[in-house]
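Scrolling down, you'll hit the structures one after another.
Same chain, two partners: chain A is paired with chain B first, then with chain C.
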Partner chain A sequence: MAALLELRNMTVALGRSETAKVILDDVSFSLAPKEIVGVVGASASGKTVLSRAAVNWLEPPLTRRSGTVLFEGRDIYAMKEADMRALRQRVSYVGANPMGALDPTLPVGAQIVEKMRAVMPDVSRRQAEDRVIALLDAVRIPSARNRFHDYPSQFSGGMMQRALIVDALVTNPAVLVADNVTQPLDVTVAAQVIRLIKELTDQFDTAVLFISSSLPMVREASSRTLVIDRGRIVEEQATEALVASPIHPYTRELVAQTPQIWRGAGAVPALPAEREVVLSLRDASQTYRVKKRNGIGGVNLVRAVRNVTFDVRRGDSFAIVGESGCGKSTLMRLLSRLELPSAGQILCEGKDIATLRGRDLLAFRARLQLVLQDPFGSLPPRTSIGRMLEEPLRTHGWRDKEKLRARVLKVMLEVGLAAELYNELPLGLSAGQRQRVNVARALVLEPTILIMDETLSALDQAEQFKLLDLFQALQKEYNLTYIFISHDLAMVRKVCNRVAVMYLGEVFELADNQRLFFDPGHPYTMALLSAMPTLEEKRYKPEDCLLEGEPPSPLSIPAGCSFKSRCPRAMEICNGEQPFLTVRDEQDFAACHLVARTMSPAERASP
Partner chain B sequence: MFTLNFLIRRLTQGVVIIGLVSLLIFTLLRVVPGDPVRLMAGGMAPEALIEKIAKDMGLRDPIIVQFGRYMGSVLQGDLGQSFVRPANGAATGGANFNDTTRGERAKVLTLILEALPMTLQLAAVTLAIALLFSAVVGIAGGLNPSGWPDKLAFYISSVFISLPNFWLGIVLTLLLSVKLGWLPAIGYHGFAYTILPAVVLAVEMSPVLIRTLVGAVSSQMTEPYVSVGRVRGLGRTRIIANHVMRNASVPLLNLLGIQFSSLLGGVIIVEYIFDYPGLGLLTINAVLQRDFPLIQGIAIVTSAIFVVINIIVDLVATTIDPRLDY
Partner chain C sequence: MSIMSITSSHSSTPLASRSLARRVFDRAVASPGFRVGAAIFLALVLATALYPELSAIDPTKMDVKARLLPPLFTGTNWNWGHPLGTDQIGRDMLVRSLVGLRYSFLIGMASVIVMLIVGCALGTVAGYFGGRTDAVIMRLTDAQLSIPMIILAIAVLGVSRPTIPAIVLVLGISNWPVYARMMRSVVMTERQREFVRAAKIGGSTDLRIIVTLLLPLLLPSVLFSSVLDVARMMIFESTLGFLGLGVQPPTPTFGNIIADGRKYLLNAWWIATMPGLFLGLTLTSINLMGAALERARDTVHAGGE
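Right after this comes the complex of A and B.
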């Protein structure tokens, strides 16, 4: 078959000079009509530049040094700008950042219509509107006709990504370049989006260049896969063959680094059951009052965390998982006493942290420290690293300069930061090093509990591995207790001994690692497991348990079971009665009527 | 529904603000030294007569009682009478307490309603000139950051901001009206008299508008939707005209709300220089003559104008950008 899109010897550099850094190095490949080709590579391997080069969207300082792109045999870099703009009808692009992609002050639908009519001037406004609404419907945006008039800020990340897929497909393109489209999405939504792209491109005969940093994700989507490393294509094979028998060492590393969930023994050693409880939640709830936009003086109650009860024991690596908006981060703010719960209690070593004042509060802060998600926003850019790490010690009363310095240097050594960085600003540091600074800043006070709020999600696979090893070494040495707040189940499977699954502010399931992954008690947990991108055969099939749509708004939580609207196994009882966490075993609990049904009322106990 | 709710809320707030401003002005005017009765009655009037007039006018009552009485009549649309100005127009303040030519005193509301349209006309022309000029210079600057239009915008605003308005007013009068005879300058006998003072005020206003526009446009140009717009197939002109301008207009609008107050401040000096019969000139004379009711009336009317303008600005801003929540 003739190639639809062909890259020929594409070389792109960062700047115009001879010595400029080369980002893409002599990349050639082609895409046949209706084919889905995957491109996989680590961050900074040149994936995004490749996707931009393929659609003639290189912006300074990116400079095309040589090579070209042919679309149906025509050189798109030799075209006049107006011709290229017209060609955008047939060559579409969807990026990784859906939230900024549209003008925030105009309705989503109007902007898609604008785009359609900009590249297809013959289409009337009415026709365009009808087509956009039909497509919004096709990507399963609920009540598309109303959503058409909503503004980008009223869309969730997942819906916005779907709207942008509509934007890309509205002109019936021959090629769709999808650059890391699933990256900002939850696994459940990412799975839906991939399925959607496959369906739609099948329906509209579109070829897709699917670019991702996740090999399992690429495998879900594509039939043929290219592996890119440091700007070069190092391997190209049919996807299944590539996964089964990788040839290039880099590909082999990539396959080996992809975490395994069910294959092999669990990596987490079992801990004795009877250990001291360090953190205990008793029906902790948090309700926010949000001013109503319409109506005078009215407030909406957002029930972000609802009656959460669990214990964290010393030495635990406790995971809190769930989709975005499930209340994980609110729970983090409650645990770290950045906010006080609106109801219920949180006990740290037996004391209610809400009642702590003055010296006791400061002592609690030293015991429990936080490591945040964003490695870039969380470090002050004009403060030296040494100074940054001394700061918490000064707050806690350290004054002696020599001691401060000695303590900081010791911690820097422990987390693997060179002592020379003491006087450096954080400017030149990589994301991984920055996260090490964040960990050091938390560790410098010798805490016993560390809360990791999506600490690893900004790092690529290899960096994640290194930091996880570091965490495990530190845990062994100082008998630390970790609370991981994460949406990455593969990471949880690897390091956490106990897992709480949250949905709409509630804990749906609370279980040990092995039990959760091999015998989950809640349909929602199964759905999460089925949506995980993996290279191995899935224990839970997406066909059986994958969710449609997104969680309901926390403003109007449905009565009865809050999961019933998406649950494939919803029953009569789920409408009326809210299920509570029910014991399945000594250690394991699930909040589902399916569990409660299998035992007598006498056996039901609260955790 | 949102608009109605917004208007009710903001108008209520506005009434409170106007009330507080009135109270503040009222109190300040009564604690500053200088007895208005002495000014009204003339320097030669006997002490007993002054006390009698003051008592008759209620000026010896506690301030809060006076304020209550005053606000009561304000609510009925009566801003009181000028202490000094007669109804027939001639400015007075003479030395003779028994001057028979004085007769009836002018109503404050009438005085303000005569001067206000003049000032509003001046303000409108000023805004038109300032906006037009700033838009051209500022948008060009914002679209070419660190290029020559950006530098030009910077130099223009630096020069303009360092020109004192009284100096500029005199120089322009000398140049355009005395030497060249192109534009009339002093007094008001037709629309042409508005242009020169408006230019002076516009020069004073433009630097801030230009800087805001340059900043807003150039920061909008770095937003992802601009770059993504290109790959979506939108032309540069369309992206700038339909999206960048729309988003950049919000900070400009907010600024205009604030700038309007400095405009009404600038009007005082400029109207005085050009002898332009607007609110500014009225204010200056009222202050010089210690004409308490007139000063109060002007204060209430101007604060009401501020309130209304800021409500309009915020309403327009929320219409442009629905994320805003005032």
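Right after this comes the complex of A and C.
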């Protein structure tokens, strides 16, 4: 088959001079009609520049030094401006930031129609609208005709990404360049988007260049994969062959670094069941009152966390997982007593943390610490690192300058920060270094419980591994208890012994690591596992349990089981009765009628 | 991204061990702008402190024979005894300007400090706590903004005697809302930052967060813009003096010197000009130093050293 899009010896540099940094180095590949080609590489490897070079969208200071791009045999860089504009309808681009891609002041539909008519002036407005609505339907945006008139802020991240795919497909392109489209999405939504892209190649004969930093994600999507490292394509193979037998050392490293879920024994050692309970939630709930937007007044109740009950024992690495909007962050704020629960209790070593005042509160603060998510926003920009780390100690009454300095330097050493950084600002530090400062700031008070709020999600794979090793070493040394709040199941599989799965503010399943990944009790857990991109044979087939649609709004949680609208195994009883956490085994619980049915008599658990 | 690379790049510079404030200061002092500003400022300080006493000329002493003498090298009958000339009743302009500078500068600085304290405190509280506190303080600000400064000045200074503390208070009180608004908006964005949350988890009280975390971060830029307000306040004081509500004669301030000189602008331009010259010199020197410090701070904090 003749190539649809072909890059020949493409070299792109940053600036025009001879010494300018080369971003793409002699890249050549081709894309056949209807084919999905994956491009995988670490951050800063030149992926995005590659995607832009392919569609003639290099902006200064990026300059093309040599090479050509042939589209259906014609060189797009030699074309006249007007011809290129005509070609734009055949080549489309979808980027990684769906929320920033559309004008927030215009309805989504109108913007897509506008774009379509810009490249295809002979289409009437009505025809264009019909086509956009048909496509919105095709990417499964519910009630597309109404959604057409909604504004970008009314779309969720997943829906927005699908709307942008419509935006790219509306001119019926021959090539779609998808640059990291799944990155900002939750796993189940990302899986939906990938499935959508695959269907579209069949339906509309579109060839796709699928660019991603995650090898498992590329494997899900593409039939052939290019590996790019520092601007060079180092390997090109059919995807399955590439995963099974990588040739280039970089690819081998990439494959080896991808965490495995089911293959091999779990890395987490089993802990004795009877240990001291350090943190205990008793029906903790949080309800926010949000003003209605109708202008008349009144409040909506947002039930962000509902009746969460679990125990964390000393030495646990406890994971709280779920998609965005499931109440993880609210739960984190409750646990760290940034907010008080609207109902229920949180007990820390037997005492209700809501009643703590003064000295007791300070003692609690020293016992439980939080490591934040954003490595850039979480450090005050104009405070030196030493000063920053001393601050919590000063708050807790340390005065002696020598002691302060000694303590801070000791902690800096423990987390792998050089002592020279003591008087430095956080400015020049990498994301990994910054997270180490974050960890140090938490550790300096010698806490026993550390909450990790998506601490690793901003880091690349190699840095994540280093920090995880650090966490494990610290845990061993200080007998720490970790609570990981995460959406990354692969990381959870690697380090956590106990996992709580949350959905719409509720805990759906609570189980030990091994049980959760090999014998999940809740259909939602299965869906999460099936949506997870991996390099291995999946235990749970997406065809059986992948979810449709998105979670309902926490403003109007449906009666009965809150999952029933997406559950592939919903039954009669799910409509009327809300399932509670039910014992499956000594330690494992799931909130599903299926479990209650197999375990009779169904009894409400008291974990 | 190894630790080694960072360590080695910094250990090669011995500067790294100095504290940040020290580095900022050293860098500022090294810049020519700061040196020029400091030299002018120092000269002015010495002159105002010493010249009126050393020359033993009374700034209020009249000498009708020597009235309206021009400054050195201008006109026909200038003399060395009055380098900047004399005014309409023969008072020495140099001494009057220097003494006036003392009063005007004092009033300018003091009213800016009042303004900063009131404005920043209220703005920070409003921005940090939000909600009802914010609403109350902001309505108060609006109320304050809706009263024209001159009306307030006439009301207050007309009723009580226009003493220096009263003038400082009036000027300070009528201008704080600008700072309250400025502080409120920046505090509102900063308090949602993650490091504020981290400090809360660390056990810091709200007061501690405001004082040790937010103020050091936000005040420098506010302080810098407030330097320009010192000039504005000195001019406002002149306005009041013009209306007869400023510092009362015979005590010289820039306001009443200019007000007097206005009538003689055509045949004795120097009376109204000299205070302006001193005003300009003072503010230029402060701005030069301020700008140098600001630039040094930005360079150091942006990793320039």
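Criterion: the second predicted complex is superposed on the first by the 588 of 607 C-alpha atoms of A that agree within 3 Å, B and C clash if a C-alpha of one lies under 4 Å from a C-alpha of the other, contacts with A are read in each partner's own complex, and residues count from 1 in each chain.
Definition applied: a residue touches a chain if its C-beta (ideal position, glycine included) is under 8 Å from a C-beta of that chain, and two chains touch if they have at least 3 such contacts.
Because the structure is predicted, anything quoted here is derived from the model rather than measured.
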Message: Just to be sure I read the superposition right, which of the two partners does A:S214 touch: chain B = first, chain C = second, or both, or neither?
response: neither
- request: Figure out whether A:S45 sits in contact with chain B (first) or chain C (second), or with both, or with neither.
  value: neither
Message: Tell me which partner touches more residues of chain A in the superposed arrangement, chain B or chain C.
response: C
Task: Have a look at where A:Q433 lands relative to chain B and chain C in the superposition and call it first, second, both or neither.
output: second
Query: Once the shared chain is lined up, is A:G95 touching chain B (first), chain C (second), both, or neither of them?
result: first
Message: Just checking: does A:T582 make contact with chain B only, chain C only, both, or neither of them? Give me first, second, both or neither.
response: neither
- prompt: With the two structures laid over each other on chain A, which partner does A:S156 touch: chain B (first), chain C (second), both, or neither?
  reply: neither
Query: So, does A:G416 touch the first partner chain B, the second partner chain C, both, or neither?
result: second
Task: Using the touch definition from the top, say if A:P104 reaches chain B (first), chain C (second), both or neither.
output: first
Field: Residues of chain A that lie at the interface with chain B and also at the interface with chain C
entry: none
- prompt: Touching chain C in the complex: which residues of chain A?
  reply: 336, 338, 361-362, 365-366, 369-370, 372-374, 377-384, 391-392, 395-396, 416-418, 420-421, 423-425, 427-430, 432-433, 438, 441-442, 445, 463
Field: chain A-touching residues of chain C, taken from the complex the two chains share
entry: 1, 3, 6-7, 10-11, 16-20, 193-195, 197-204, 208, 212-213, 216-217, 301-303
Chain B-touching residues of chain A, taken from the complex the two chains share: 52, 55, 57, 59, 85-86, 88-89, 93, 95, 97, 100-106, 114-115, 118-119, 151, 153, 167, 171, 291, 293-296
Query: Okay, in this complex, where on chain B does chain A touch?
result: 1-2, 5, 8-9, 223-225, 227-228, 230-235, 238, 242-243, 246-247, 250, 320-323, 325
